[in-house]
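What follows is a set of structures for review.
Shared between the two complexes below is subunit A, which pairs with subunit B and subunit C, respectively.
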Partner chain A sequence: MGKIVSIHSFRGGTGKSNTTANLASQVAMTGKRVGVVDTDIQSPGIHVLFGLDETSMGKTLNDFLYGKCEIAEVAYPVGDYAAAAKESAPGRAQLAGKDLFLIPSSIRGREISRVLREGYDVGRLNEGFQTLIQNINLDYLFIDTHPGLNEETLLSIAISDILLLILRPDNQDFQGTAVTVDIARSLDVSNLLLMVNKAVPNKYTYENLKTQIETAYKAPLTGILPLSFDMADNASKDIFSLRYPDHDWSKELRKVAQAVMDTN
Partner chain B sequence: MSQEFIRLKNSFLFKGLPDAVLEALVQKVIRRTFYEGEALMRRGEDGDALYIIDQGSVKIVTVDKEGGELVLNHCGPGEAIGEMSLFDKEPRSAGVIALEETHALELKQDAFFELLNQRPDLALNFIRSFSARLRFSSTYIQKAIEWSKKIAEGDYSFMEQFHTGQTGQFKADTDDDKAGQLLSAFFNMVKGVRAREENLKLQVETLTLQIDEVRRRQEFEELTSTDFYAALKEKAQAIRQQRSDKK
Partner chain C sequence: MAGVFDRLQRQIEDKQKDGGITALDLADLTPALRKIMRLMLRQLQMNYPQLCDAMDKMAEAERLSRADLDQSLGMLTQQAWLTRLGEGPKAIYKVNLRPKAGSTLASGIWSSLDDKLKK
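On to the complex of A and B.
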């Protein structure tokens, strides 16, 4: 049975979608069958990293949620078309032939506003996850969540086998992450992992930060990823850790990916 | 030997002169007394004499941008003031004011030139003295440039060398040369910069996780007290059970 890995952060801007795309890619590179669901329906974004735009995007998660299609119909095989982008996205091109499937969220304004207005059946979302894992025979299903703790996000947290919380080294994130950790424990999430992103290089003592975070949340800190101009320059166009494998950000990200795969 | 003779012999400017020349010099100097707050020279005045302080102390002052007094230096016994004016007649670049009752030996330019005509060896001695000071200053400037570059790179290792005396002739604790004082000020500046930097480093390194536990509990209770949450928790348990049955 495949594992559900939810990637979450209490506040926006932590680099959650980018991290999710990179983690899923790294795991897929090891030969695992991986799915990525963009449940950040209010502000979707991960599709860009996998080379999808409005014209190439057909049916989406929104169609499934409103009963217009089956979930398997909206799973895009990233590995089938990754090679085409060899020049514009050499990182992503390495995913050619890999078993990586993206379930995007609609970027059409009308469909986003419907979700905001009417909400959706979280039960159906869960059914979709389970069906995906079975039908595509996934080893891992990564869920890119919406920041904060709304009902949809709580559902994703509740059904995860692994919950990865991303925080930046500032007190607002520390506080919000504390509440999220408490909720995850209350919902019996068995594996809680932490990751720091956007850490200003040389500003913190690695060990000090690790000790403080692990003591406060009683969960392992799997990586401290640096704030990087190179990353900003990538402008969400490519899978950074595949394109620049020797970059410090990529090295730390691989540690997080390894921690996810090491979790039983 | 007169008191004036001893003072001149021990002064930086005239040391090393043959006794006969010093004797001739003593004849040309005038002993003068200045009271506390009295000016030995004023900024902008034509300079036509040098002073060698015998007893007491003076401050060398100029004016800052706001017109206030800016003290450049303090001088005491044995030190010469206004020696450049023996050779040129430029206006004084700074004022000199007695800090207490001060006795100084005044040597007028005319008297000095008269003596130079009689004793060419005095001129040679002066040239040697000025040349040595120039060389000394140049070395300091060169070192200061070198050190400034290191400071810019955050390398303070030369400070340790300095304290253990490995920089040889550079001793900042000698009050009697101006280059030494400059060096001393330079090193104090570096110490200040370094201390500030260390302090800043300490501040960022000890970034502490601050969690408001009361707020944390409140927010948790708000989120978990809803019917939705209770239903979700139940549902999650059922899903988990279902999934583990399938394994």
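On to the complex of A and C.
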């Protein structure tokens, strides 16, 4: 059975969607079959990294949640259209022919407001996850979550084989991550991994920060990714780690991807 | 005229609407109950022999005895956190997750937002 990897952070702005897209891409590049679900239904965004917009996006996760279609109908095969981005997004273009599927959430205002107004069937969301793994024969299903704790986030934590928590070296993040770690433990999450993002370069000694974080949360720190102007300049237009494989951010990201793949 | 199956199906659906478990409730369960619920969340539905088989495959320290499994299933079904379809060894168990509630904001806010989004 394929593994569910939930990517979460207690606070917003940690780079969760960018990290998820890059991790999923790196894993897909190794030949694995990978799905990415955007469960940040209130503020979706990961589709941008995979080159989708409102006009190119047809049915979405929202349609599935309201019974308008099957989950497989909203799984966009990124590998089928990635080559077209050779000029504009050469990183993403490398995914051509790879088995990477994106399940986006709607970016139409009325559909987002419907979710907020009416709620939705959480059981159907879970059925969607499990059906995707079986029907598309996925090795990994990455779930990009909404920051903080809400219904879909807690569900994704509860069903995940691997939970990757992202935090910045920031006191608010440290406290919030402690809350999430407690909840993950109370839900018996099998494998809890940590990743630091947006660390000011040359400010932290890798080993010191690693010891500090691993002691505090009793979970392995898989990578310390630097705060990067290059990353900001990329502006979610491309899969950064594929476009700039020799960048420090990309090198650390690959360590995290390897840790995910090494986790049983 | 609705058949027996339709009526039963409606009864099950009505029961599901009444309750259901939230992901946060899982954290408050005993380890044994949580183990079953997490397994069921991943498998979507299982019959009793499949559940027994899954238990047998677990590490000895994690495994539930048949008596504990039976008791746990009874408790989870009674709370309507698991739905049982059928009886006896062929009964199928499914998780009953509580739907995410909609907003409690005044409905006027949403119709006003909808009107704006139509433009």
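Here is the rule we go by: the second predicted complex is superposed on the first by the 264 of 264 C-alpha atoms of A that agree within 3 Å, B and C clash if a C-alpha of one lies under 4 Å from a C-alpha of the other, contacts with A are read in each partner's own complex, and residues count from 1 in each chain.
Everything below uses one rule, namely that contacts are C-beta pairs under 8 Å (C-beta built on N, C-alpha and C of every residue); 3 or more make two chains touch, one makes a residue touch a chain.
Given the structure is predicted, the values throughout are model-derived calculations rather than measurements.
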Clash or fit (per the criteria above) of subunit B with subunit C on subunit A: clash
Which of subunit B and subunit C A:209 touches, first, second, both or neither: first
First, second, both or neither for A:117, with subunit B first and subunit C second: second
Contacts of A:263 with subunit B and subunit C, given as first, second, both or neither: neither
First (subunit B), second (subunit C), both or neither touched by A:179: first
Touching partner for A:126 - first (subunit B), second (subunit C), both, neither: both
Subunit B versus subunit C as contact partner of A:159, first or second or both or neither: both
Which superposed partner A:109 touches (first subunit B, second subunit C, both, neither): second
Touched partner set for A:171, first subunit B, second subunit C, both or neither: first
Clash-bearing segment of subunit C, relative to subunit B, as chosen among 22-30, 58-66 or 76-84: 22-30
Residues of subunit A that lie at the interface with subunit B and also at the interface with subunit C: 1, 123, 126, 130, 151, 154-155, 158-159, 183, 186-188
Residue ranges of subunit A touching subunit C (in the complex, touch as defined): 1, 109-110, 113, 116-123, 126-127, 130, 151-152, 154-155, 157-159, 183, 186-188
Subunit C to subunit A touching residues, read off their complex: 20, 22-24, 26-27, 31, 34-35, 38, 41-44, 95-103, 110, 113-114, 117-118
Complex contacts: residues of subunit B adjacent to subunit A: 204-212, 215-216, 219-220, 223-224, 228-229, 232-233, 235-237, 239-240, 243, 246-247
Subunit B-facing residues of subunit A, complex: 1, 123, 126, 130, 149, 151, 154-155, 158-159, 169, 171, 174-175, 178-179, 182-183, 186-188, 203-205, 208-209, 212-213, 216
